[in-house]
Amino acid sequence: MANMDTTALEPQLPSSYDVTVFEEETRWVKVSGAIRRNVLLFAGSLLILAIVLFAVAGSLIIDEKRTEVGFAHAERETADGSIKEVVAPRLKPSGEFWFGTDQFARDIFAYVAYGTLGTLWMGLIAGIIGIGIGTLLGFIGGYFGGWLDAVIVVLSDALITIPGLMLLITISAYLDQLTVEQLGILIGVISWMGTTRVVRAQVLTLKNRAYVEVSKFNGQGDMEIVVSELIPNLAPFIAAAFVGAVAGAILLSIGLSALGLGPQNEPSLGLMAFWFIRFGAVPQGMWWWFGPPIVVIAIFIVGLFMITAGLDQIANPRLRTSV
Amino acid sequence: MTVDYVLRRLGMFVLIIFVAGTLNFAIPRLRPTNPVEERMNQLLQQAGGVHIANVKEMIASYEERFGLNNPLWRQYLNYWIALAKLDFGQSIAYFPADVTREVMRSMPWTLGLVGVTTVMAAVIGSFFGAWLGWTRTPIAVSFVVPLLLIVTAVPFYLLGLLMLWVFTVFWPVLPGGGAHDPLIAPAFDLTTIIDIVQHAILPGAAIILSSVGFWGLGMRGMMVTTMGDDFIKLAEFKGLKERRIFLRYAVRNALLPQVTGLAINIGFVVSGSVLVEVLFAYPGIGNLLYTAITSNDYFLIQGVLMYVIFAVGLMLFIVDLIYPLIDPRIRYRSA
Amino acid sequence: MTTATAVHSPLVVKDLKVYYYTRRGPVKAVDGVSFELHRGERLGLVGESGSGKSTIALALMMAHKEPARIEGGSIVLNGSNVLDDNSEQVRLRRLSEIAMVPQGALNSLNPVMRIRDQVIDGLKDHNVSMSDGEFANRVAELLDSVGLHRDVASRFPHELSGGMKQRVSIAIAISMNPSVIVADEPTSALDVVVQKQVVQTLRDVQERIGAAAIMIGHDMGLMAQFASRIGIMYGGKIVEIGPVSHIFNNPKHPYTRLLISSLPDTRSKRRLEGIPGLPPSLLRPPPGCIFHTRCPDAMDICSQEIPATREIDALRYAACHLYGDDDGKVVDL
Amino acid sequence: MTTAQLDRSTQEVENEPLLQADSVSKTFVSGTFRKHYTRALDTVTLSVPESPPTITAIAGESGSGKTTLARTVLGLVEPTSGAVIYRGTNVADMSRAQHAEFRREVQVIFQDPFESYNPFYKVDHVLRTPIRRYNLASSKSEADDIVEEALRTVGLRPEETLGRHPHQLSGGQRQRVMVARAVMLKPKIIVADEPVSMVDASLRATILETLRAMNRDVGISILYITHDLTTAYQLAENIIVLYKGRVAESGSVDSVINDPTHPYTQLLVSSIPQPDPETQWGREQEARDEEEAEIAGCNFYDRCPLRMDECTVSDPPLYRTAPNRITRCYRYAESPVHLAPDLRSVFAPVGGD
């Protein structure tokens, strides 16, 4: 190579005016630009962060006893005029009980905090398992193809049509009491199909990209190609699928629990829904009972949706509405 | 529409039934002991509310259907033979009522409520989404997007709960439960119809409100993607009127994936409607399933699940058959 | 190119500036472009990526989108400035006065509409009233004129090959006998045999209806086959413009000269030489002549002063410091 | 020249080719129940000798099978029948070590200089990975030297190239980095699949000239896949014109392009837009307009302006119309039928005349 004539190929002029010269931006400019370009992602993350902080800090600070039946007491004047400590259900929000108490004299604020934590934990487990199975199958199907791919495709297409809640309800009819963790695992196991579809479709488009083929000529093996060439580019898709899976799992679990078929012994937002539906919070007008969990669930899901939408914009630039 | 296409779709339909049926067969066997058998023995011991002869008959029919002493493959085969005859056994709770008959009694209510509201939500949502995705729509309307997000984010049943509070407690103008007034003799007249519609408003509105955002956001995404397509640019170069570009070029193409979405979503809505039906005591499939579960009526549970999946699979199949009529690329594909 | 003829020229572009407003500042995609299009002539605008050629096409159609803005100049179409029009006037001018044959024809047609309807809707939205039979005849006639069978009218786009789709685009473009046809890389995705057919078809219909045509592209070979006059674009400016034979046989601007000498042909094998360096940044264009960073003939003045456009010989204009008052007078195009 | 003589000359060139595609065919299947078969490549045999280094152009329109041939030779597509043989071993049967050697010695340059880069990484990634995977350097500084030398070889300045993301380079720079990547591995063969069709004209020449220099000075054989006959003419010694997966015509590039015999090659040549206003396109047209008909005979029949009745009966064989020319057309039926399957047998040895 040394003796070849390269004079004609030498770069000839300084490139200070080339299009290729990019100004270096300060970190803040980069960050603020990123936020401006993806408001949805940023705002959604803030909402979720707030919920997580509320649940984690709440469960650390607040005594778990406050979520137990009959915790709340108040001083009441009895018939003989003496002041007596009595169990205090159905209290309106006050300085002591910020969100009031429910039918069973539990502190609703504490219950919402612990319940949020339980639901969050369940969603995470379900999301991780669902995304794990889904991504693995998506990669196997998309990258290696063949009969295994055909099986994966057909199976996920068939399973995705089976209504998840119906399936979950049916399964729960045959099982004993579920724990929050078990429910998370169960939901994860029955809801990987969406992720598989997305990942597989993306792997299919990526694997025939020239750069994946170039990496073969660079001596990279299949595993290395998957790990170092495909996964980094699939990250926004996988992250979006994960967030979607967590949101789906939370909705499913709340649905199941609201029917009284979910975990009964640990606080969760779904179980709370079961209680306030079953014990007529609505007809009683106890807005402080059913209000907080509904608001938390709404913020939860809105936040997760916004993150998914924001990640979609990263993955699919056409969805970016502003430049 | 090619033979290949129809065959593939039909194959998918059969497969869905097969997978669902297999699941339905496998789920009760998840536990080492058979919960159905347990439950029956339990009944036999208590024999309180149920007639002891009935329970014995139930056990006989159960053994006949599944023959738990047979090898697994034999049980599986028997199971499919029974399914092929639409024989789901008899309901324990409503013994000796046939499961199929119970399902058929509830199905029309669910189909009416969920079917109508799903289509309405899809139409309204797609319209909103198209409007939002149309780049020429004033920025002022973009506040609708977060609004849709929030409405979508609250689950069906919780939204239903809120509405129940508003319209039956705060401002009692609508009936709070049931599908019709039990005092009105069911007849095909105006009073009955108005009564049925009145009862359907709250649960229906809950379903529509909470899924309209899903459709809207999906449609908006498709619109944005479609607006970037070359044929929209040529339509502009052609000097077409905005209205025509919007309807005939953008919306017409953006709608195509929404139709497929409709098919898949029907399954989800049916599923979600369980809660709405329970909440509003609506005598549909969801309520039936709930009753079945609370009374450990295993044959009924199996039957409901099978019928629901059959219905969802059938709807998917029908949408697949209709799809080529609206997308010429599939209609004429030769290979 | 005197102003007296302007009245009769279907299109006169003067000092057109189109900037893209980015976070980093304005990108001067088109920076002071002037040219005049005569009745029935075919102008080729050649440039490499980033030269601003496609931006010109969009601006002529008034179809540029944010963040692109027309910063100055005028586009006089059939005697009146398009920049003064309201949006409805702009819309009505499209197709009837100026029509576009788009790039990437593979997806340019609506996949769910029959060809017939895609030809007719343009006419309908320009208030052409005909009976259904008359519309059908008009469609058949248009398809005929681009060498397509009239049966094509009832087909969907996916049933047509790339070349056929592009002919349909041409048929649509001439459906209202516009005075100007703009073709933006009309053969970019097509095979060489089909490319020839499409360009010849475009040329045939343009001659038949007597429209002026602008073809935008980067393929000098295609330009030599199509255009009667060629404008060479570089960094958002036209650096040289003149009759096709002058440009190829006696290029004046160093960029044109290098571009032409870099073209491979099938007559003699030779050492292939490209143009060293890279296209300029339009965000921070170099001072002076925009080509001086890559120019083998660059002088001191080139990095200081923007060269004026001079009329080097009849109908040929170039902007380069190599030419002084002896070579041609400075003109305001 | 008789058939016997031709066969002998065939024997001579068949002494251990470095790489051989041995009667490779590729059929793509679609459809689930009713299968639809597309024959993308139909029994093509081509070999590349160990020496001297050659540049061979493979030309045709989209659907001609040129890219399928390239991808088959590269081992990216498994042939439906036939085999790709490298240094005497079928690529399909190679051991891990042999396959690694094959992957290093038969390199590629793809059409799209942007898609060739993983957008996640800086351009360095694509240069450093092969050094690591093939153990080309024993130290970091040695690796740096190899990368920098390779970049200089293709006329790039390392300091202006390294540490950048692909989108920060121009199309021409990107493609030159890809050439540098391939050259750095000291391959025996480079398959260049339309390497300049997405590069600006002013930068195109430089890349082609680099390829030529690699062939001349470093001794790399090049398979140049293209739809553009002018660049094929400038770069290659010999050319293979494919039509619908079959060889339509082949021979030395000068004679094929300046005097095409097959009606398809004639159509291609007459469609070249010459960058010369005095050489205008002719008005010759195809027989039919892009409508395909299934007939038993010549696969070009439906487009052929010179078609004859016998063309519908059976597919014509390759006729040897001149010492270094073959064409698949009945109009040359008086010429001897070319029997040696390997197209290499058509090409004159470089500098052999």
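Some notes on this structure:
Chains here go by letter, A, B, C and D, matching the order in which they are written, and residues are numbered from 1 within each.
In the analysis below, contacts are C-beta pairs under 8 Å (C-beta built on N, C-alpha and C of every residue); 3 or more make two chains touch, one makes a residue touch a chain.
All of these numbers come straight from a predicted model, not from anything done at the bench.
Taking the mean of each chain's C-alpha atoms, the chain closest to the overall C-alpha centroid is A. Most remote from chain C, judged by the distance between CA-atom centroids, is B. For the pairs B-C and B-D, the count of C-beta pairs in contact is higher at B-C.
With centres defined as mean CA coordinates, chain D is found 56 Å away from chain B.
Centroid to centroid, with C-alpha atoms defining each point, chain A and chain B lie 24 Å apart. Mean C-alpha position of chain C lies 34 Å from that of chain D. Multi-chain contact residues of chain A, defined as those touching 2 or more other chains: 8, 11, 15, 18-20. Residue positions 271, 273, 276, 278-279 of chain C are each in touch with at least two other chains. Multi-chain contact residues of chain B (touching two or more other chains): none found.
Contact residues on chain C toward chain B in their complex (touch as defined above): 61, 63, 91-96, 99-100, 102, 104, 106-113, 121-122, 125-126, 156, 158-159, 169, 172. Residue ranges on chain B touching chain A, taken from their complex, read 12, 15-16, 18-20, 23-24, 27-28, 30-31, 35, 149-150, 152-155, 157-158, 161-162, 164-165, 168-169, 217, 221, 224-225, 228, 264, 267-268, 270-272, 274-275, 278-279, 289-290, 292-294, 296, 298, 301-302, 304-305, 308-309, 312-313, 316. Those residues of chain D that touch chain B in the shared complex are 30-34, 36. Contacts from chain D toward chain A in the complex involve residues 74, 76, 100, 103-104, 107-108, 110-112, 115-121, 126, 129-130, 133-134, 149, 152-157, 160, 164, 168-170, 173, 178, 181-183, 185-186, 206, 209-210, 213-214, 216-218. On the side of chain B, the complex with chain C involves touching residues 229-231, 233-241, 244, 248-249, 252-253, 256, 326-329, 332.
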